[in-house]
Amino acid sequence: MIVVLKPNLTKKEEAAVLKEIRKLGYKPHVMRGVERTVIGAIGDERNHPTLEALSAWPQVEKVMPVQQRYKLVSRESHPANSTINVRGALIGGKKFQVMAGPCSVESETQLMTTAEAVKAAGATILRGGAFKPRTSPYEFQGLGLKGLKLLAKARQATGLAIITELLSEDHVDMVAEYADILQIGARNAQNFQLLIAAAKTGKPILLKRGLSMKIEEWLLAGEYVLANENPNLMFCERGIRTFETYTRNTLDLGTIPIIKRESHCPIVIDPSQGAGRASLVEAMCKGAVAMGADALLIEVHPNPAEAWSDGAQQVSLAGFAKIMEALKPFIAAAGRE
Amino acid sequence: MIVVLKPNLTKKEEAAVLKEIRKLGYKPHVMRGVERTVIGAIGDERNHPTLEALSAWPQVEKVMPVQQRYKLVSRESHPANSTINVRGALIGGKKFQVMAGPCSVESETQLMTTAEAVKAAGATILRGGAFKPRTSPYEFQGLGLKGLKLLAKARQATGLAIITELLSEDHVDMVAEYADILQIGARNAQNFQLLIAAAKTGKPILLKRGLSMKIEEWLLAGEYVLANENPNLMFCERGIRTFETYTRNTLDLGTIPIIKRESHCPIVIDPSQGAGRASLVEAMCKGAVAMGADALLIEVHPNPAEAWSDGAQQVSLAGFAKIMEALKPFIAAAGRE
Amino acid sequence: MIVVLKPNLTKKEEAAVLKEIRKLGYKPHVMRGVERTVIGAIGDERNHPTLEALSAWPQVEKVMPVQQRYKLVSRESHPANSTINVRGALIGGKKFQVMAGPCSVESETQLMTTAEAVKAAGATILRGGAFKPRTSPYEFQGLGLKGLKLLAKARQATGLAIITELLSEDHVDMVAEYADILQIGARNAQNFQLLIAAAKTGKPILLKRGLSMKIEEWLLAGEYVLANENPNLMFCERGIRTFETYTRNTLDLGTIPIIKRESHCPIVIDPSQGAGRASLVEAMCKGAVAMGADALLIEVHPNPAEAWSDGAQQVSLAGFAKIMEALKPFIAAAGRE
Amino acid sequence: MIVVLKPNLTKKEEAAVLKEIRKLGYKPHVMRGVERTVIGAIGDERNHPTLEALSAWPQVEKVMPVQQRYKLVSRESHPANSTINVRGALIGGKKFQVMAGPCSVESETQLMTTAEAVKAAGATILRGGAFKPRTSPYEFQGLGLKGLKLLAKARQATGLAIITELLSEDHVDMVAEYADILQIGARNAQNFQLLIAAAKTGKPILLKRGLSMKIEEWLLAGEYVLANENPNLMFCERGIRTFETYTRNTLDLGTIPIIKRESHCPIVIDPSQGAGRASLVEAMCKGAVAMGADALLIEVHPNPAEAWSDGAQQVSLAGFAKIMEALKPFIAAAGRE
């Protein structure tokens, strides 16, 4: 920790700060600069109480942490890329992976039609929401267990692995029984109890970035998964909330090189939530591939206009096939398969 | 719903839109303007599928909802102010209420000292976290059940009602047994399963605004409580996330007149989280009182520098007494007691 | 400056950083912590090149400045409050000041009617836009010189001082000839050439906060005024841009105690731009007074629905009189006149 | 315009709204829905006063515009892509263009070295700031005229066209004499007087997006250029301000497909400002190419650590050559040259 003192303190005022720093378990190291005196407080910031409370003292101008707060997710602790094996599909390896399917599971016909179409176009993982977190209590909340069973049926029919959202601690066992990947949604990205419960299933976790989550906070939420002994974590950027209203969210593709730099875990991009508009999905997929993402998560529906949720952002079956075709040269240019 | 069409459509293209609107249960009403044709789609937006998916159609420029999406929390449905009785303290009535206490319950001494001091200064409700949602898994997570028992003991000793955070569906029964008000934190403000479970206890709910929650989304999260037959809801503004880094959050005091206009539920202001700096708390309390808030939620600690969480934003016992004194003329000016 | 090194550097890699720090004019001071080595670079950050470029070096994890970047606007350099005398109205003193008038000057009748009404209600300064910065080139751009002349006429008739916006370097002489206070709008808050030109007139400057300006940047923009030898600067908070769409902007009333803490210059609140809705103006005025603002800037129009600009946020003459009346107890509670 | 009325109005209250709509030049068209009555106000929103002021009326719930506010920049008015010819380099055509050079012009050696290196690596346009808008008055403000002359010399020596920033109305003639493209910076993106003056030179204009500018506002700022009879406009995304602090700005690559959809003008990406970190520039360039940008604007410096401004985000000469090489397969994949 670095503690910057206010100018013109008396010796006694300064000594009180030094005493408190020692009391909290750090060794203070004083540097006198031109306008400010700065104290380096030496000690492990993760094992001792934070000094940030000192910033409320009248003697202190600011307190700045030095260490990274995350450890297990960091590339520093694990220099090589991690990969996650999901029924034979390796996420984070040389092969670029595509997860696709409807926002919500609505019916057997809808799901099966979609599953076969996305498989034919090259997807290896089927997405589909059985439990849906909805802004309004009056909106469709998902088919629940019935939806999970339909996903399992689609897996059996197509061989595609299944990713579906987990949004309640009460559903952990049920969802983990059916899903190959547990998706933690943006609104639950700092629901730490849910993260812990999900981690303990041992299933691969796809952790979406919260709507206004700083990258450091996202990495720390991921740290909850690894600290609960589940190494199968992937991050998923799905757009952040900004002032812009043209799109539903602002897809932050810059997270791709940043996550690759800070962490060893794979990074997945969700352009459907990111854009909120089907017409923007193709360009965003191309950008994600070029920038080094490991996988895409795309919403696909046989008839978007009649989807029970988020119709504006789902692409049609034909639209999806066209996107997959358009991505090929970029996947090759990125040195992926 | 209002559907704005692209210019220069053929009759057939326009007819396809009208057909889809009818199919989804609305009666279309066409208005031809100078540059655009606009369709009013008449029907209850809460009972029919949304038309927003139409915005992905090539014929459609944009789709705009007309109705409010929330109902039970709205002032339209309940013109008079609601009040909530918490062990005799009426929130939302003429008397201005103050909830105060430590960020985290740390020990019996810490809690009892604080409880007595805040009571002496005029608070009627004691706050204290027993379960703490922490950004990092390596930070103090709260005393848990032991903390709840200390809160109950403090209530018995002082007569103060208790507010504490509920952050897990698995804790609902345990926390509801001890607390007089269940606090839903900012990071769980759209954890809808938790909201439903909390509502079903029948206990008063204090719903904090999420870090990047629009007011409409906040009202809709509140709608989850009322729709689950719990009328005892209060909203709590605690600062939103913006680009500003001087403060931890940006306290949006404008929510006071807005919530009063849109809803009948009480509004509480949390200046401690809002500012993240103890030195700004007093001014923010004054603003909250003047603008018509019903209550304050203030973090108070006997020794903020050594607090186990969020020390920078907690005020000392003497600081709290000073704030309470300073608020008196503003409470009087606002016509409150 | 504090330079945090990456872990596990060789001696040679570390030496290269130390050499560069010395080359740029700082004296390096090395502290070895538990996980990181930190270098305190001692020297005046305002007289030497910044070390921030070092953050691009592979050896460096981050670079953190220590000093405040602003000087003349800081309370550190000028502990007492500054006051600005505008034709006898003292801004920043014990008397609370109100500036009021139409968004745009539209006609002699409109301006005179408003001027007399706001004076009768207690305002001491008349606002009115002669040059208007408009988002679209097709919107009304102001009456220009004709508007300035009407403002001068209103001053003569009522004795009210005049505040009006300056938005072009080409208009500096013209606007300075008529105005008592030059207003720099949010969109020009970092138009540094305009700030310099305005400062050089010697006229009092009201500097609005830019839409997404950090407080540090706002203080530094103000520093441009004082560094050009004009001490008559006041800051004006008018709402920042956030994700919220209910209001036009999010009025950040927390700036009042922050500016009071960091600077000696007066702080003015503009609730009309801040809210963008006339119905919210009264509550925001009360909050501003209670939190210690020095003055208000309120948009008032004889017939808001027919205003040529920003009608939704202007209050009527009767509405303004009512607000002024409602503020009285809060002005008294705040110890102002 | 669409005017949504409050529920339960009397006939007289409704009639007053209709009367005002007619008075402002629109023909009202009433639609009675299930919960709300909606009025379509028919008339050209660009020729009549806006109805938005009606939203302040007690009878009115909200007012929603229907028309696009921009015209000349819209793809609707000009379906084909526009191209801009800058000394033979066509921007917006099949060939992908790269503009590169130092943040600030510092010396002849620095500029010439950079110019030759970026030309050798494939750039066709040289960037370099002669006038620099700096957050603090104490930072280097650019070499001014001397810098412009050095740029002209570099053009003569290398044949590269020149882009440089215009930040003052007082400099328009001087800068236009030397520059091939006038760059309008983010902080001046809504300095409308500067936009008009720049447009009138007839020189190509590169308009950066403001830090918190909505896409609609950006298009409208561009409209100022075209409405002043200068068709040579290109938009440049350089990152927006969000809550994230890991990067200096959040580069919004989603603007590429959006600008392509809404406008006929070319779109340029500035990854240097966008990221604020040299190590992220390469990935962002790849994303920009893949998503369909027409050109890049990259900061390159012979020795970034000693740059007089923004050293952290400038890439070295070798780093630039490496990026240009890495982009080739993506340029090919995008069907560009």
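Order as written gives the chain letters A, B, C and D; numbering starts at 1 within each chain.
Note that a contact is a pair of C-beta atoms (placed from the backbone, for glycine too) under 8 Å apart; a residue touches a chain by one contact, two chains touch by 3 or more.
Remember, it's a predicted structure, so these values are computed and weren't measured experimentally.
**Q** State the pair with the higher C-beta contact count; candidates are A-C and A-D.
**A** A-D is joined by more C-beta pairs in contact.
**Q** Of all chains present, which has the mean Cα position farthest from that of subunit A?
**A** Centroid comparison gives C as the farthest chain from subunit A.
**Q** Suppose each chain is reduced to the average of its Cα coordinates; what separation in Å results between subunit C and subunit D?
**A** Roughly 25 Å, centre to centre.
**Q** Return the distance between the CA-based centres of subunit A and subunit C, expressed in whole Å.
**A** For subunit A versus subunit C, the centre distance works out to 38 Å.
**Q** If you average the Cα atoms of subunit A and of subunit D to get two centres, how far apart are those centres in Å?
**A** Whole-Å distance between the two chain centres: 30.
**Q** Among all residues of subunit A, which ones touch two or more of the remaining chains?
**A** Subunit A, residues with two or more chain partners: 212, 241-243, 245, 279.
**Q** Applying the document's contact rule, which stretches of subunit D touch subunit B when the two form their complex?
**A** 2, 4, 7, 29, 31-36, 38, 40, 42-44, 64, 66-67, 76, 212, 241-243, 245
**Q** Per the contact definition, I'd like the list of subunit B residues that touch subunit C in the complex.
**A** So the residues of subunit B in touch with subunit C come to 212, 214-216, 240, 242-247, 250-254, 256-258, 261, 274-275, 279-280, 282-284, 286-292, 329-330, 332-334.
**Q** Which stretch or stretches of subunit A touch subunit B in the complex?
**A** Against subunit B, the touching part of subunit A is residues 20, 23-24, 46, 49-50, 52-57, 69-70, 133-138, 167-170, 187-188, 190-194, 210-212, 217, 220-221, 223-224, 227-228, 241, 277-279, 304-308, 310-314.
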